[in-house]
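Note that chain A is present in both complexes that follow, paired respectively with chain B and with chain C.
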Partner chain A sequence: MTFERRILLALMALAAVLPLFVRDQYVLHIAIMVLFFAVLASSLNLVVGYVGEFSLGHTAFLGTGAYTAAILATQHGWPLWATIPMAGLLAALVGVVIGALTLRLQGPFFVIVTLSFAEVLRLIADNWIGLTNGPMGIAGVPQPEWLAQASNLAAKQFYYGIAWVLLALTLYLSYRFVYSNAGRAAVAVRENRYVAQSIGIRPLNYTMLALVLGALLSGMAGGFYAHYISFVGPEVFRFAFMVSMIIMVLIGGKGTLVGPLIGALLVTFLEEYLREAKELRLSIFGLAVIAIVLFLPRGLMGFITQRREARGEALPATGNASAAPTTQRSPA
Partner chain B sequence: MELLPQYLANGLVTGSFYALSALGLTLILGLMRVVNFAHGELYMLGGVMGWWATTRLGLDFFTGLLLVAVVMGAFGWLIDRLLIERIRDQGEEPGILLTIGLSIFLANTALLAVGTAPLKVEAPLSAGPLIFGPVVLTKLRVFAVVVCAALILAAWLVIHKTRLGRAMRSTFQDPMAAQLVGVRTANVYAATFAMGTVIASMAGMLLGSIYTAQVSIGGLVSMKAFVVVILGGMGSFAGAIAGGLLLGIVEALWGGYVATGWVDIIGFALVILTLLFRPYGLFSKRAERA
Partner chain C sequence: MSSATLSLPQRTLEIRGLGKSFGGIHAVKDISFDVKTGEIVGLIGPNGAGKTTCFNLITGFYSPSTGQVRLGGEDVTGKKPFEMARMGIVRSFQKTNILKSLTVFENVLTGHYLEAHQPLWRTFFPGRAVREAEHSVRESATRIVHTMGLGHRIDTPASALSCGELRLLEVALALAAKPEILMLDEPAAGLNSQEARTFGDILKTLRGTLVRSILIVEHNMSLVMGVCDRIVVMHFGQKLAEGSPADIQGNKQVIDAYLGGGNQA
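Let's look at the complex of A and B:
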């Protein structure tokens, strides 16, 4: 617990001082994308890591948030500080609806039905031209007024600041959730649903809480994305986004708070770095995913905790190792 | 209303194509419990190889189909023995991630090899029309439906009438007991995955001769196949067929009478409704949920 908190605080402090040293716009853009994906991966991790159900429909929340912010800003002239929270709230509402319908299902059924919801929303965004402008998407999501006069670098720094605040909020809420009784109840459900029920935990209450929290956070990330990229099209619901998020969570280690951050950092850099390889990029990416599943099944953080646990056993009476949540699932 | 028989016929034809494309998935998902996201890419590889065999190698359609079946069968066997075997019995998450990685790899490698252009598999028949009263279908489609039915029947016979099929059914009932009575379960798993791959790739080649084979088609095929499998109930042969036909007919009627732009949404709406009210599929009798 303290180990995890220290790493989180150190990482966030590092991220806070980064723009003081970096003046390069391209690097800053990558850094913003890392923060954005870190928010998304952490929010997905609440479902995948702490509820233990594999959601492939997280883009539903991201897309809802992005469209909400884009529509409110372009058609109703809402400012940025109002659209992003509103995007989160609406996504949370969608989360309540989807959760109520899907959380009763488990295993492959849950996977496919969540995916179906994301696809349905994508098709709606594609076809409801009156609201979403169809495949053309919504372009020109307005920036705050003072940014129009400011330099490009100042604009990037401004968005970096917002992304940092969003990530800080995400980590704070996740931390409070994970180390609360509700979080421990969710983990109990993940580890063994029947035992959890037998001691009076209602699975639906806690899985729902985790899902809605995840939806709220990724909706806000979506609102941020709409303003930063200033364009939203149906591709926010695409499976490609989902794939990036899942890979981040799993590389980093699901069921840990630090894991998704590391995953976001690694994957965003890997994607940028592999740009050099042009067409081969996605093929290599696919192979990397396969390799991770086979050789690093618990993610990087899982690997590190395992090392620490092994050391903890060698040197008895270290309290930290036992606090790290295990990610192994009980046999169903 | 006079178009209704035509819509129904179109729906049945598309539906039988859906059934065949989903059959491989229902084997792998229903029996092996691997949520195979690379299914559409295996289908795509079948189409691309079929194009290569018929136009580049100059084989006729059926020799090409045989070649595709043999090569893809070996490929499926290898996928299972080299990749899926390592994550057996670890729940469905590693399987999902592994097959997503595989699908990204296959789709992009195929893209590098043959490009984005639609590829036409040489059809064994000319495209002339056949007229049955108020309904017009092309010869090629009727032929494809017949081949679909033959392939589905062959798969059914393999599972229910052969020694391998018995070994498969016993393994998926209880792997430990099957092993105790001398079934080599590792081979049975590999054979099941290979069989799913063969069916998917043959579907890809057959339908590549009617529509076109395209590298980017995989995602869409996987989605439709998931829809069909959920509708019919996992691992159920009759379910896959009924689910496919149902989806085909509903889509044809919706496209004919309501709006063509929204056709793809039907499948997902049906999936959501099915899972809410009949989570074991419309036609499955099993009362156990995964």
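Let's look at the complex of A and C:
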């Protein structure tokens, strides 16, 4: 708990000072994408890691958020600070609807149905030309006015700041959720539904909470994306985003808060460096995922915690520390 | 904790004419008995007699075809399992069911779900009240782990426990939900006779300190006879006999059911 919190705080502090040293726009762009993907991967992890169901429909929330922000900004002139929260809220609403329909299913059934929801939304975005401008997408999502005069670097720094705040919010909410009674209830449902029910937990309450929280966060990430890229098309619903998110969560370690951050960092950089490999890129990612699933089933973070625990357990044997945790915890 | 501080209601669990059929098979037929407050009641019978089905009917994992379950006079038939837990009836499972990837302490802490329950917004903005509640459930979890004799294993992952320790953890997990009536389904299965004796002693201390009454399904006769105030015997889905351990031990029908009636039929 404290170990994880310290890593999170350290990473966020590091991310906060980064723009002071980095003046290169390209690097800053990559850093923004890392933050953006960290939000997405963390939000997917709430479902995959803490509810224990594999959602392939997370792009539904990302896309809903992106389109919400784009439409509100271009057609209704809403400013950025209002579109992004609204994008999150609407995605959360979609989360409630999708959750109410899909969370009654488990295992492969859940996977297939969530996937089809993302596809249905993509078809809607492709065909409801009046609202979404169809395959042409919505171009020219407005930037805040002062940014038009500011330099490109200042614009990048501005978006970096927003992405940082979004990630901080994501981590705060996730941390509070995971280390609360509600988070324990979600884990109980993940581990054993029968036990969960027999101690008074209504499973749907917590699978729903995790899903809607994930939807809210990825919806806001979508809203951010719409403004930053300033273009939204039906491809936000495409499977490619989903693949990136899954790889990040699996490589970093599902069911940990730090894992998705590490995953986002690694995968975003790899995607950039492997640009030259073109088609080969996805094959390389495929192999990486197979290797992770085979050799590090709990991801990098799972591996590190395991090592840490193994070391921690080895220590008490030499001292008398084995009694310490119990005396420390037990009431008088 | 003494019985004076035990702040649980004192209600009688009444089972009336409970029945369940799967297709044409009557797994349980017309079972009636009471678990009065302060009692330890044993439910025994040969394999396949319908004891576990009976448990599933009472706790809402199955819905009964006929009959009623009443708690303190209130009809609670067909409530969902989590609703039964909220009403104060918590069960353990015959096939060990725990939260495998968590430690012993985390398992029992999770069991305090109802006690630690907060309004949703409190999850994200916990104040002092939440921190205090968390502190008190942590203390309670530690206490329960020690009561069940798992103190030396408190930080061990559940997946690393021995079979006997798992049974104890299962009871600890059920106790954590602070039930008025604790229902245990073969808690001593897999324990050796020494462990079973210790387990029986622990059970007796639970009544009046952590729970009001206990309903226990068990095959270990010395344990059942040693701890129960009253025993209900089931055979082929029906109630065969009910009475004190001494009555049951001398009951010819019961002996026949267990050892086979031979030429009677």
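Everything below uses one rule, namely that the second predicted complex is superposed on the first by the 314 of 332 C-alpha atoms of A that agree within 3 Å, B and C clash if a C-alpha of one lies under 4 Å from a C-alpha of the other, contacts with A are read in each partner's own complex, and residues count from 1 in each chain.
Here is the rule we use: a contact is a pair of C-beta atoms (placed from the backbone, for glycine too) under 8 Å apart; a residue touches a chain by one contact, two chains touch by 3 or more.
Quick caveat, the model's predicted, so the values are computed rather than measured.
Asks: Is this a clash or a fit when chain B and chain C both end up on chain A?
Replies: fit
Asks: Is A:112 contacted by the first partner chain B, the second partner chain C, both or neither?
Replies: It touches chain B, and chain C stays clear.
Asks: For A:148, is the partner it touches chain B (first), chain C (second), both, or none of the two (neither)?
Replies: neither
Asks: Using the touch criterion from the header, give the chain among chain B and chain C with more contacted residues in chain A.
Replies: Chain A has more residues touched by B than by the other partner.
Asks: For the overlaid structures, how many degrees, to the nearest 10, lie between chain B and chain C at the C-alpha centre of chain A?
Replies: It works out to roughly 80 degrees.
Asks: Determine, under the contact definition given at the top, whether A:250 touches first (chain B), second (chain C), both, or neither.
Replies: A:250: touches chain B, not chain C.
Asks: Does chain B (first) or chain C (second) touch A:279, or do both, or does neither?
Replies: So A:279 only meets chain B here.
Asks: Is A:14 contacted by the first partner chain B, the second partner chain C, both or neither?
Replies: Neither: A:14 stays clear of chain B and chain C.
Asks: Applying the touch criterion given at the start, work out whether A:293 contacts chain B, chain C, both or neither, answering first, second, both or neither.
Replies: In the superposed model, A:293 contacts chain B only, not chain C.
Asks: For the overlay built on chain A, what is the smallest gap between any CA atom of chain B and any CA atom of chain C, in Å?
Replies: Between chain B and chain C, the shortest C-alpha distance works out to 13 Å.
Asks: Considering each complex separately, which residues of chain A are in contact with chain B in the first and with chain C in the second?
Replies: Residues 329, 331, which sit in both footprints.
Asks: Could you please specify the touching residues of chain C with respect to chain A in the complex?
Replies: 59, 61, 80-82, 85-86, 90-93, 97-102, 105-106, 109-114, 116-118, 120, 123-126, 130, 134, 138-139, 142-143, 146, 151-152, 154-155, 173-174, 176-177
Asks: Which residues, counting only chain B, touch chain A once they are in their complex?
Replies: Listed in rising order, the residues of chain B that touch chain A are 29, 33, 35, 83, 86-87, 89-94, 96-98, 100-109, 111-112, 219, 223, 226-227, 230, 234, 261-262, 264-265, 268-269, 271-272, 275-276, 279, 289-290.
Asks: Which stretch or stretches of chain A touch chain C in the complex?
Replies: 172-173, 176-177, 180-185, 187-188, 191-192, 194-203, 209, 325-326, 329-331
Asks: Within the complex, which stretch of chain A touches chain B?
Replies: Listed in rising order, the residues are 48, 54, 56, 101-102, 105-109, 111-113, 115-117, 119-120, 123-124, 127, 239, 243, 246-247, 250, 279-283, 285-290, 292-294, 297, 329, 331-332.
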